[in-house]
Amino acid sequence: MSTHALVAGVLAGPADLDAVPMTAPGPLDKHAMAALVARDIPAGSFVNLGIGQPTLVAEHLPADSGVVLHTENGMLNMGPAAVGDEVDPDLTNAGKIPVTELPGAAYFHHADSFAMMRGGHLDVCVLGAFQVSARGDLANWHTGAPDAIPAVGGAMDLATGARQVFVMMTLFAKDGTSKLVPACTYPLTGLACVSRLYTDHAVFDLGPDGAVLRETFGCSARALVERLGRG
Amino acid sequence: MTTLLCADPDEAVAGVRDGSTVLVGGFGMAGMPVALIDALIRQGATDLTVVSNNAGNGDTGLAALLAAGRVRKVVCSFPRQADSWVFDGLYRQGRVELELVPQGTLAERMRAAGAGIGAFYCPTGAGTPLAEGKETREIDGRSHVLEYPLRGDVALIGAYRADRMGNLVYRKTARNFGPVMATAATTVVAQVREVVDVGALDPEAVVTPGLYVDRVVEVGS
Amino acid sequence: MSTHALVAGVLAGPADLDAVPMTAPGPLDKHAMAALVARDIPAGSFVNLGIGQPTLVAEHLPADSGVVLHTENGMLNMGPAAVGDEVDPDLTNAGKIPVTELPGAAYFHHADSFAMMRGGHLDVCVLGAFQVSARGDLANWHTGAPDAIPAVGGAMDLATGARQVFVMMTLFAKDGTSKLVPACTYPLTGLACVSRLYTDHAVFDLGPDGAVLRETFGCSARALVERLGRG
Amino acid sequence: MTTLLCADPDEAVAGVRDGSTVLVGGFGMAGMPVALIDALIRQGATDLTVVSNNAGNGDTGLAALLAAGRVRKVVCSFPRQADSWVFDGLYRQGRVELELVPQGTLAERMRAAGAGIGAFYCPTGAGTPLAEGKETREIDGRSHVLEYPLRGDVALIGAYRADRMGNLVYRKTARNFGPVMATAATTVVAQVREVVDVGALDPEAVVTPGLYVDRVVEVGS
């Protein structure tokens, strides 16, 4: 804590902002973010990668990491996306994308798969988000817009059940407002569940005391906090 | 009671009554019992409550049942998909009700129905809009939502192989909701790619014992 | 009801006792009782036979009955007791007796096995008993004696979960008192769960209104009710 | 985390602490992890709470652990057997506590621990002495007992084969409590007859995925 910056309610705090390293010359693209997440997944972990951008993390796990991928539709030891003849309609990931099976795989039904998730047996899950609060609340299932059709899938189960929930997202919405917020305004997926937030501009640890800046990309911590303050 | 081998999907879905709750297996199209749903459309039952993970893809299967106007309510976890236009249209017109349930809670509520559990405290969704109006309780410092069993009058599921006693095995991630739904409905109907002789399935690898399965129909691959 | 005798609180009632048939010249032994139970199990039923005497029922099921036996330690389609080379320590019934496997068998773990039982998927279970009340309460797990070591096993699960619970037992204890009672004095296994009682002297239907005599063995209904009244 | 293949049962049970709750698989001797229990006796942990269906048979396995004075409390469904003389003696002398749980509730409470269920309403035992002091609730006209999860610090189970990732298969009715206990303990130790290469087990027939298994030791048959 001493060398990092605490961003209580996102916006301010007893900061040692100058101690936060800038580790990339510019904002990260989604592949670089995925590589960062992959770096922080301990070897041998059991991991669920949410649909969309988090799926990219798999491409950055070292071959000898021993990381085992879980897909909530009922499989452990999922392999990469299927191509050509590998495509099998009976073998998909949670995003309904055809995937492959690695040696040592196991199949199970939905009640068993979600028991595994809810029971705390996954080490890490990586999710996308609409908003994340500084204390780790997550909003990623519903914009709350009156004409939106809500869909939750396994998001709440993952947010509730995984031992560590990582989120990867752009830090700012298209309108420039921060998606890391003092309190979520979108409908919640889970409370105080996200422990680490990976964004294109910075990585944060989240917890009861607020967001702690760990590293920034393409801007100083001081400049970033200023921008968050305006957001 | 003894599993009935049906000659065709129409025989397999005979007798489904208006107003029934129908559990429909599948995750996307994997494990989706399309032949049974098509037969259910021909059979004509209406005012149905459909419990399924998704709310139909494209224009076939569950989407076709919705398009035929037979569904009053959908209980599911993930209705919004790129190809869920049939549901989207009906929902926006207020012609179908939606009960949204987290995916694991959906599975666990059906498991509870099949396992004789009266209700259970589940941490999923606590503090979110999906827990609104539900009883909650703090257990071990964590908020839990009281969830009740979800039962079907009928379950339509897709499996890989059945033996003549109704023992079922599934294939890869097409297993998904089938084994859970098979425990949770009064009448369980399975479409399978192949019916094999009794003794041809490994007893260690049977996923759904025939005890749960009322009717089986072979539909090929 | 009209042609049978209702034995409210076991002992009395608006009786048409003379209409109850005596269907055997003397009291039944355990094999004859088992045969009677077997006769009343519908073809194609899924059945659990409790340890001890109920196990004998299997020997009296017709070969073409299609009855499938469940053993709560995790199997459907259990075959007869294993003999000689068939004995396999990994394959036993709930009484830990080596058994065999029939074609079409399936194995499952304890949580699945008891989910099956509690969820109402077994058509019939047959249990022994210390006492049964006229309304169908069952006491079969504990004598309540101060030095007795209580053991319940799956008795409560079966009593609670099976669609129909049949009990087979001798009607009278060694001291001559009736084991069919107005209310159980032994600790209960389940309330209002037994629907039919097979004994050496008679068969009864049990329910909210009391015990209904269906047939007697070796004594008239009138004589039996008199003896029950004295018991 | 990655499953550890242990050289012998002593390595497999290293680190069990005094006062631990130990889940012990098996139904009678089928699936009983005798080599692990023998190693636990040598390891020396004491003041244990043992959760197992029975309370030991004869003089080996769980009975030997009891005879060695290491067990403070037994949680089980069926302690009284023809050959349970060790437990009988200790119990009558007041040297071991007994918590008696209906067999299915025992399994379901461990399943709840493994499945992240906070508590559940169970009809089994309602109105009987085993429900005394427990919260009850009427659901659908039927009395239910509120039951809480049963967790272990350690689970010792016996399986048939493991692959090097810790995926397990069992054999016949020796499966019994193993798969449930494997989900319900912090550290899960499996003794198996044979360790096979990754890829040698059919993914459709794996019963306990390696995710649940911390340590495996091959003990032969």
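Note that the chains take the letters A, B, C and D in the order they are written out, and that residue 1 is the start of every chain.
In this section, a contact is a pair of C-beta atoms (placed from the backbone, for glycine too) under 8 Å apart; a residue touches a chain by one contact, two chains touch by 3 or more.
What you see is a predicted model; the values in this text were computed from it and never measured.
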Other chains in touch with both chain A and chain B: D
Those chains which touch chain D and also touch chain C: B
Where chain B and chain C are represented by their mean Cα positions, the distance between them in whole Å: 36
Distance between chain centroids, defined by C-alpha means - chain A, chain C (Å): 57
CA centroid of chain B to CA centroid of chain D, Å: 33
Multi-partner residues of chain C (at least 2 other chains): 101, 107-108, 114-115, 117-118, 160-161
Sites on chain B at which at least two other chains make contact: 108, 111, 115-117, 122-123, 170-172, 203-204, 207
Chains touching one another, given as label pairs in label order: A-B, A-D, B-C, B-D, C-D
Chain A-touching residues of chain B, taken from the complex the two chains share: 27-31, 53, 77-81, 87-88, 91-92, 98, 100-108, 110-111, 122-130, 160, 170-180, 207
Chain B to chain C touching residues, read off their complex: 1-2, 111, 113-117, 163-165, 167, 183, 198-199, 201, 203-204, 206, 209-212
List of chain B residues in touch with chain D within their complex: 108, 112, 115-123, 137, 139-140, 142, 144, 148, 169-172, 202-205, 207
Chain B contact footprint on chain A (complex, rising order): 71-75, 88-92, 96, 101, 107-111, 113-115, 117-118, 142, 147, 149-157, 160-161, 187-191
Chain C to chain B touching residues, read off their complex: 42-46, 66, 68, 70, 76-77, 101, 103-108, 114-123, 160-161
